[in-house]
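First chain A sits with chain B, and in the next complex the same chain sits with chain C.
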Partner chain A sequence: MSTGELGANSWHWAGRAMARSYSIVAVLLLWEILARALDNVLFLPGIGAVVNALGELARSGELSTDLASSSWRALCGFFIASAVGIPLGLAMGSFARMDDFWGNLISLSFPIPKIGLIPLFILWLGIGDTSKIAVIIAGAIYPVIMNTYSGVKGTPRYLVWSAQTLGASTLELLYKVILPHALPFIFAGLRLAMGIAWILLFAAEMVAATSGLGFRILYAQRLLDTPVVFASLAMIAVLGFAFDRLLYYLSRYACDWYFHRNV
Partner chain B sequence: MSKPPGWLTPTLLVLTLVACFSSPAGAQSGTEIRMGYNPVWSIPFLLIGKERGTFEAPPGQVKWVTFVNPNQVIEAMAAGELDAGGITPAHYLIALDKGLKMTAVAILSGWSKPTASYMVRTDSGIQTAQDLRGKIIGVNNYGGVFDIYLRQMLDKNGVDPKKDVKIVEVPIANIYQALSTKQIDAGAVPVLFVPLAETKFKGQFKILFDFADVPGIRERPQINQLILAVTDDYVKKHRPALKAFLRRYLDVVRWGYANPAEATALWAKASKVDLVKALPDPFGPNTDAKIDVPALQLDIEIMHRYGYLKKIEFGARPLVDHSILDEILAGR
Partner chain C sequence: MGVIPEQAAPQIVLQCRGISMRFGKGSDSTVALEQIDLDVARGEFLVLLGPSGCGKSTLLYLMAGLLLPTTGTVTMGGELIRGPSPRRGVVFQDFALFPWLTVEDNIRFGLDLAVQRRHGPNDGGRVVLELVKTMGLSEFQRHKPHQLSGGMRQRVAIARTLAPDPEVMLMDEPFGSLDAQTRAALQRELAALAQRTGKTTVFVTHSIEEAALLASRVVILSRRPGRIQRVLPVTMPRLRWNWKTEFPAEYLQLVSDLEAALAEATVGSTT
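Right after this comes the complex of A and B.
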């Protein structure tokens, strides 16, 4: 690619990035206008107050502790959910007996609100990180299983037949035909799981935690410190966004064929 | 399928908006007092009056709204959804610190026997407050009265509440469970739950210390466990109704002290906690429903020390407003 083409590409991406930021800028503007109109920090702090609160948390070292604690719990839960959910979804989609055994169990347990399991997990697993990670796993595993399953089931039969005709073993079929086809669906499930992990983390950290963004929100709420509530929510949003983008770009890299084939 | 008529979508939108913005549950009727409370909180005379139907007639008739913790009462008052509620002095002071317009007008509970206590397992080896070093302690609410008196007790016994212990928030209903399963080493328990240690958990737990052991607090003739806060707006617009309510409340207080057995029976019925009847001294000293101001000032000092309050003065506004009670007591 020539320098001119590189330059043109850079402008194009910058332009796209700006176009996608308009909505966020608009929301921030609206927030600031409303905050100034209300003029009540308790109800709606302005962006300045939230940034100040973030600065205070950073200066005191609490922000880094909270970020580390929350990220650790969310990512642990997410990775374990993925490590269990993907193979299970693959197995359910590929083998009728696995589907027969797990299908109804998953359908029955999926609607149970995982936030409602928090007291049980605390009773069984204690008030430490284990119960919090367990809650995240319990919620995040479902989109991974279901999306993986859909991806497997969506593999065109002719691809399977062709592979079988060419002498592919069951393992080769799974690894070289089904899994690659299911990969875009798996990534979609992972992105959903990541979002759910952050939502459940917040709820889990509201009971018997001493660090973490969810704890910080609860603590700030007790002291009617709304700017800190907003600051912590903003950090959750930023972290969730960052990890979601990471997964998105990973999926673009791993499933390039899929993105170019479709809209 | 035929297209829906053009007027349907805008009509549905308007109806949705009207439904969203009209809030019959939140609308206040006349001189009604929307009161935040919980039957298991230590608010004996409020509950006794509720059980006797004392607060049903206007003016100043009460509409009861249940909350899980006093913090939510403050939030509802700040949002204009409540006129009054039972809150801890600590939460009241935080509200004043944040500039919320409310005033404490009466005490709801003070000293009692037993008083709120900090429990440990009998087999834990913890004998004194110093033994709590390195332990995990459960309180129901950060910044609440259990939290600040715990910190005061620890501090005065040479234990740094910020560095030497871990204080976690555990709902009151789960405290004994958390203690029993060793998830916490000590837990703060309100008055109504203290007898459960003997009756339900037979000997598993013991009181390590209670409010009567806390330096600075134990010297006070009265403490403010829960107080009645009213929004400034309600006081300004419905002072006669508030006076009528407080007059009836004072009548219940006097009747309760004159008839303790009957009063505790009614309290037990209202709270559905039968053990209330077994409390040796459920009501403590009679201060004619007045808040102990020096105790409140001590709370300010403690909370400021532990970073819960930024201010120790709240401007020209008084900490409490006893003017209505004074009028009633003077026969006006």
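Right after this comes the complex of A and C.
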């Protein structure tokens, strides 16, 4: 199946995009019908009220501040988690000693709820951005390490042997064969990490922050401003969606051999 | 690793002495090879022929240095083989191309590593271009392996192995997964290539016809544990059949000799 060939057939592509939007339209429609039936803005605001709230946030400048500070924290955490997680996963997959050292530590620390670390990080790192970014790193690094590790371990023996008989040293083997082979798996890990980054960000912002979408949700709830809660949640979904799609298309571009292989 | 000067090069390139190979430990272990003594001479086309599971691929990997023998030694020019080296190129049955690299970059892979190491003059581009032409890959230079047929992939794999100019080419049933027509075409090309370049080649196959077409010497291995059952030198010229006329009588005689020897090898170890 090579239905994913972008640009091969633009009509086909447009058809797929349409087919993929039906479910979203259906949910929005159901929401609007329910909101009109209940007729209670505090309990379930309709689409119009939420759009108005969003416009209000945009005019006051709160929206851009919230978006900027939330994106900064999420992306910072995501990039640091990737920059540490990818090399660590590569090293663990390639060298038994690294696996021996880190393997159990990672299995032990993975199930610790990272939201539960927020009070500790605030205690140690203060109430600013550092503690929020630290929480994101602590959560997002695991899927990066684990997926990179799996990608390395899955490298076919014959590819390694080919490189070795062509004269590759251990280091050359690592970055010319093992890393490119693991890349599709690394991207899968990065997409998971991106999602986790946003989830943890809002948890951190709801505990201690003066800006950000998470802070806005909690603040609006205290003021019984339900449309703003919905508007902020919608922004989270749209941002998360945009970054996930970005990573997805980046992976399609960087790993065309993986997505197009048919043997 | 020292490089032996051309003049002083011994006639024997690879030497296997008292090799046995055991996989696994204790009661679960299997003996793949036993008591193998074998020399590979410079310029010969040695075919390792035997029933499946006789350990002929294992022997090839021992020569490559990808596996190390349980007992015995494999030496190249008097030097003990302890691991893989670009002096011994390998072509695998399933091509083992790097799927993320283009045809050209696959072929360049070993060559670029060699150029980096020796800091020598970089005429790699010319070598790659020549190989691309002789292997009939000109149209596919920018393609990736998944866009090629099996025969084309194996052509790329052979070019990739030849590019850094190894002293020995080790081939593990390279045409085993190809259809009959593609296989015949590649056999013809390989015979011509080996004759033209005089490259020392060790070729593993279970096909009698393939052995008879290509070999300058055939080594027949017995069923597991693999031992050398017979060694048959071949006196026919390298290009023994032009693929147009009928098979020459000598070729047909060789095929029946090999059939008889292989039958003996298969029966011999079961009784």
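Here is the rule we use: the second predicted complex is superposed on the first by the 253 of 263 C-alpha atoms of A that agree within 3 Å, B and C clash if a C-alpha of one lies under 4 Å from a C-alpha of the other, contacts with A are read in each partner's own complex, and residues count from 1 in each chain.
Just so we're on the same page, a residue touches a chain if its C-beta (ideal position, glycine included) is under 8 Å from a C-beta of that chain, and two chains touch if they have at least 3 such contacts.
In this text the structure is predicted, and so the values were computed from the model without any measurement.
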Clash-or-fit label for the pair chain B, chain C on chain A: fit
Partner chain(s) touched by A:Y175 [first = chain B, second = chain C, both, neither]: neither
Chain B or chain C, by number of chain A residues touched: C
Touching partner for A:I122 - first (chain B), second (chain C), both, neither: first
Touching partner for A:Y219 - first (chain B), second (chain C), both, neither: first
Which superposed partner A:Q164 touches (first chain B, second chain C, both, neither): second
Which of chain B and chain C A:L42 touches, first, second, both or neither: first
Nearest Cα pair across chain B and chain C, whole Å: 32
Touching both chain C and chain B, counted on chain A across the two superposed complexes: none
Touching residues on chain A, where the partner in the complex is chain C: 156, 158-159, 161-168, 172, 176-177, 180-181, 183, 255-258, 260-263
Interface residues, chain C side, partner chain A - complex: 64, 66, 83-86, 88-90, 92, 94, 96-100, 109-110, 113-114, 117, 144-146, 160-161, 164
Parts of chain B lying in touch with chain A, wherever the complex brings them together: 71, 74-75, 78, 94-95, 97-100, 136, 138, 141-144, 166-171, 174, 177-178, 181, 183-184, 308
Complex contacts: residues of chain A adjacent to chain B: 42-43, 119, 122-123, 126-127, 207-210, 218-219, 221-225
